[in-house]
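There are two complexes below, and they share chain A, which is joined by chain B in the first and by chain C in the second.
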Partner chain A sequence: MRSDRAPLGLKVAATCGLAFMHLPILLIFVYAFTTEDKSYQWPPPGVTLKWFAVTWGRTDVWEALGLSLQVASISTVIALVLGTLCAAAVSRTRFFGRETISLLVILPIALPGIITGISLRSAFNLADIPFSFWTIVLGHATFCVVVVYNNAVARFRRVSGNLIEASMDLGANSFQTFRYVILPNIATALLAGGMLAFALSFDEVIVTTFTAGQQQTLPIWMLEELVRPRERPVTNVVAMVVVLVTFLPILGAYYLTRGTETVAGQGK
Partner chain B sequence: MTEQSAIMDRQGGLMGRLSDALWRKPGLLIFLLILPPALWLGIIYLGSLFALLAQSFFSVDEFSGLIQYEFTLKTYRELLRPSNFDIIIRTVVMAAAVTLGAAIIGFPVAYYAARYARGKWRAIFYLGVMLPLWSSYLVKVYSWKLILAKEGILNWLFETLRLGWLLNAYLAIPVIGGNSLSVSTTGTFLVFLYVWLPFMILPIQASLERVPLSMLEASGDLGARPAQTFRHVLLPLALPGVIAGSIFTFSLTLGDYIVPQIIGSSRRFIGQAVYAYQGTAGNIPLAAAFAVVPILLMAVYLWIAKRQGAFDAL
Partner chain C sequence: MPSAIRFSGVSRHYGNVKAVDGVDMDIAEGEFFAMLGPSGSGKTTSLRLIAGFEQPTAGDIHIFGHVAQGLPPYKRNVNTVFQDYALFPHLNVRDNVAYGLMVAGQAKAERYRSAERALDMVALGGYGDRKPSALSGGQRQRVALARALVNEPKALLLDEPLGALDLKLREQMQEELKSLQRSLGITFIFVTHDQGEALSMADRVAVFNEGRIVQTGTPEDIYYRPEVPFVADFVGSSNVLPPEIMRDIRGVDAYGALRPEAVRRCDAGHDAWVRNVSFLGASTRVSMQVHGVAMTMLLPRGAEIPAVGSTIQVCWQQDDLHVMSR
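The block that comes next holds the complex of A and B.
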């Protein structure tokens, strides 16, 4: 059948588009093994594993990584709670201000990050709040809510109201219904949302530059290296590891949300 | 009491009573659900946002350098000074160029993924867009520093193909050229395009998936050439998706200050101006006024997009 075969031009354009999106990232993998340490010379003059050992021994990288993981974990937990609450309210009923609430959730990510960043910074300054670990978390949690919310709201819409009523009819109270009926149905959506929120927070740099004091998260460390390169091969190795580490939650989220058309109570 | 117990006993304990109350009064449940997120976003986010807006109406005393807490439009007038106004124009032109470029490169990918990719290829295309979308922003910027560097792969490619003269001729063009690609406006454009491209593809793909195949076939049956079908049937139907994608590419480019700082010429963009004025210059009012520009631009943009039905494609 003619219409099922893509025209050659389209095939080429689509392939080029995908290649454009992936080749630069692959290049990072090559550079992590180069022996050249002063410039970005291509092709690499030689191949070595030396820089992995050097990076392993760098305490500043480990500290930045540790801080990033802590910030991302706590922000994700806050975003999970707030995002789920918000999604539950918005998806179940129509109430006054419903549109406003969904706009409010999306706003921190719809407006450029620099606006979120500078608003928070000037607010911290006005309120005399010193920059700390918690100011970073405050900023991150704010824009992570939307990711959880998006995932949760889509799933809540598919969870049938009949299931909840059936649970109540059979004598469960609101909390038992949540624990044994609603939660199992939304769990994978929350896990996927949580993973994406984690990835978002782990990678965030623009808001963080405004809300961090002296602390360095991994992206801030990376930015510092980009602006004032000190040891380029170490940056190469860190970049490669970051790419590999962020792929895992993305793949995980993909497999968790795949085929979610078959949520319980839907097939009628 | 007897009537009620015929249905079900009132549940004992504090938790039981709370549970009953939540079931009887759905309004209370909604209120309790919405309260924490509304407080968090309302106080932390909106509060800061309004505090920022308020500061844009203050001004900085030219002599003492201190902020004067009186209502004035003086700071906004400063935005219209040629040096500042240039920054705004430059940023808007860049955002528009990036949006256009992303639409041109993204459309074929989205179209192929929505219409022809089946089975295994569908998953490959999906992940092929999702992985770059979610992989680290700074790593992506960094990879372009490697590519565009003078001793990097792109220059090497041009030299190997004996086309070095072409690149040099291009770099000699004022405004878009520069000493090397990594310090040129073209470099900034390429990196923006690369970083925001997935944000354009996903909404286009979503809107293309909703275009019924029968319409394209009908157009062909009625004698339209593929180009005509594209122009008069496919594009109008996919336009909401393109506009939805352009919201992201436009907004993200408007506010970014890291890409032009790392790869680009010394000519500044709005984000860099905001960062510089709030930082070392300590001119918070002017920084705030600069930050209002993207907000206003996006408000107008969103208003137009809404009228074009772009939100249905999100």
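The block that comes next holds the complex of A and C.
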């Protein structure tokens, strides 16, 4: 019951909606090339590539970028291990409190980041843990686990329990069964979950604000830069990089899970 | 003959549910053994106890003379053909069949040669590169068979192996399984709820009901000499006569079993009120009420068909009325 053409009004509304969401991003890209560095003046008085060179030479940008990449990588690895194990436990076995555990794992992503941030901060304070690289990683892992868990649990449900029994029956021990049967069947789900987790961690601001000490991740660095009216377009250059670094994994995750019922972030 | 699988008082309880309850059985080496019963009767759980997917809550299981309880599935020299075949979807047919040899550490060339031989044996030579999803149900069944047999198990366990196939394929596979078992000479143990399948394929049949074995015997024993009313009723739907009737007509205080094909029409016998008549092709089934008990009679082709609602006379040979021992 589908008509071939959408009515004009709907087309206009859809175009406006998409433009409203995406034009500001384009604007950021444009200002990365402006010659004027104090205020954002429209139209840009001139076009230059010099800010790329300036950004390249700024050590604070490199430090922030390096920190963000490290935090995102380690949080993702932690999330992959814990998320997969948790998904396996919840989908393979029945035990008392199984539903509760499922809910508790998903909760951090449903909670506002500020709640997660405040509670982690007070917990770290209480336990007398100094704020460091590792407290940021822990903070990020709380919501990265959810993404991996959701992807993995949906896939686990589709891997028939009989496959595992068949593997054991044919002489494979638990490790071999995981390596040759389970892993190949959940690999794309894990890859997709891992990429999403990485992207989430890479641009996280709120939880990071509460769990970081003196360190600046890239998003935090950008926030700080906004209040300083010096070499503003550097921020725009960095923003372009962030968009690329987070967009590519999300696109990748989308293509990997396309055509399966596994929806990234499903059950949120 | 030496014993292949021996159950001594084996039970598998889940809380209050007695899936398997005090089962004794002794399966001989080289035997084609069927475990027959309705769903939930414990036959599949018994098979899983042999395979090692379940552990008994009581009793002892011996597999080729060795105590089996506590051993994981991968340390038992038995292999299973699963009901849904459980082929690995990410591997092609050759790698599926070679899986057991691969995890055992056999070199690639060698295990692929064995896999091809096994595929030839089930008439699937040349299918090695296909994915299981590209095969028909019957072909998947054969791959599952080859994948189990390539490991040269001492006993092959089959869980409702023919359940998913259509009638014609099922009959063909019955014959193939039987001849495969004869040529390999290994023990086949298979689970089925289809009494025709059990009777036509097995050397011996164990009939399960509510977690217990109610009778073990040859197909002829099970069919002609049921020991309990359940077997008479479940295997080929014999007429079961309760002790009250048996006292009157035979003078014994026991249940009786009467095959529907042993009942025939006669001039002076028992009064039978005809309730229903169904045409089955080669024969006609007549449902009737005799001495207040529901009975069926199979009339051969060409016999006179009684009208529904009429009262006729039926007889049977004294020998055909089997007196059950329990």
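Quick note on the criterion: the second predicted complex is superposed on the first by the 248 of 268 C-alpha atoms of A that agree within 3 Å, B and C clash if a C-alpha of one lies under 4 Å from a C-alpha of the other, contacts with A are read in each partner's own complex, and residues count from 1 in each chain.
Please note the rule applied: a contact is a pair of C-beta atoms (placed from the backbone, for glycine too) under 8 Å apart; a residue touches a chain by one contact, two chains touch by 3 or more.
Owing to the predicted nature of the structure, the values given are computational and were not obtained by experimental measurement.
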Practice task
Classify the contacts of A:S160 with the two partner chains as first (chain B alone), second (chain C alone), both, or neither.
Solution key: second
Practice task
Classify the contacts of A:V181 with the two partner chains as first (chain B alone), second (chain C alone), both, or neither.
Solution key: second
Practice task
In the overlay, work out which of chain B or chain C sits against more residues of chain A.
Solution key: B
Exercise for the section: Applying the touch criterion given at the start, work out whether A:P130 contacts chain B, chain C, both or neither, answering first, second, both or neither. Expected result: neither
Practice task
For A:G46, select first, second, both or neither according to whether it touches chain B, chain C, the two together, or no partner.
Solution key: neither
Exercise for the section: Could you tell me if A:L170 is touching chain B, chain C, both of them or neither one (first, second, both, neither)? Expected result: second
Exercise for the section: Would you please give the residues of chain A that touch chain B in one complex and also touch chain C in the other complex? Expected result: 168, 171, 173
Exercise for the section: Spell out the residues on chain A that touch chain C in their complex, using ranges where they run on. Expected result: 160, 162-163, 165-173, 176, 180-181, 184-185
Handout entry: Contact set on chain A toward chain B in their complex
Key = 3-7, 10-11, 13-14, 17-18, 20-22, 24-25, 27-28, 31, 39-43, 81-83, 85-86, 88-89, 92-93, 95, 101, 104-105, 107-108, 110-116, 118-123, 126, 138, 141-142, 145, 168, 171, 173-175, 196, 199, 203, 205-206, 209, 219, 222-223, 226-227, 235, 239, 242-243, 246-247, 249-251, 254
Exercise for the section: Using the touch rule from the top, collect the residues of chain C that touch chain A in their complex. Expected result: 51-53, 72-74, 79-80, 82, 84, 86-90, 99-100, 102-104, 147-148, 151
Problem - Residue ranges of chain B touching chain A (in the complex, touch as defined) - result: 8, 11, 15-16, 18-20, 22-23, 26-27, 29-30, 33-34, 36-38, 40-42, 44-49, 51-52, 55, 105-106, 108-109, 111-113, 115-116, 125-132, 134-147, 149, 151-153, 156, 194, 197-198, 201, 213, 216-217, 220, 226, 247, 251-252, 254-258, 261-262, 271, 274-275, 278, 284, 287-288, 291, 294-295, 298
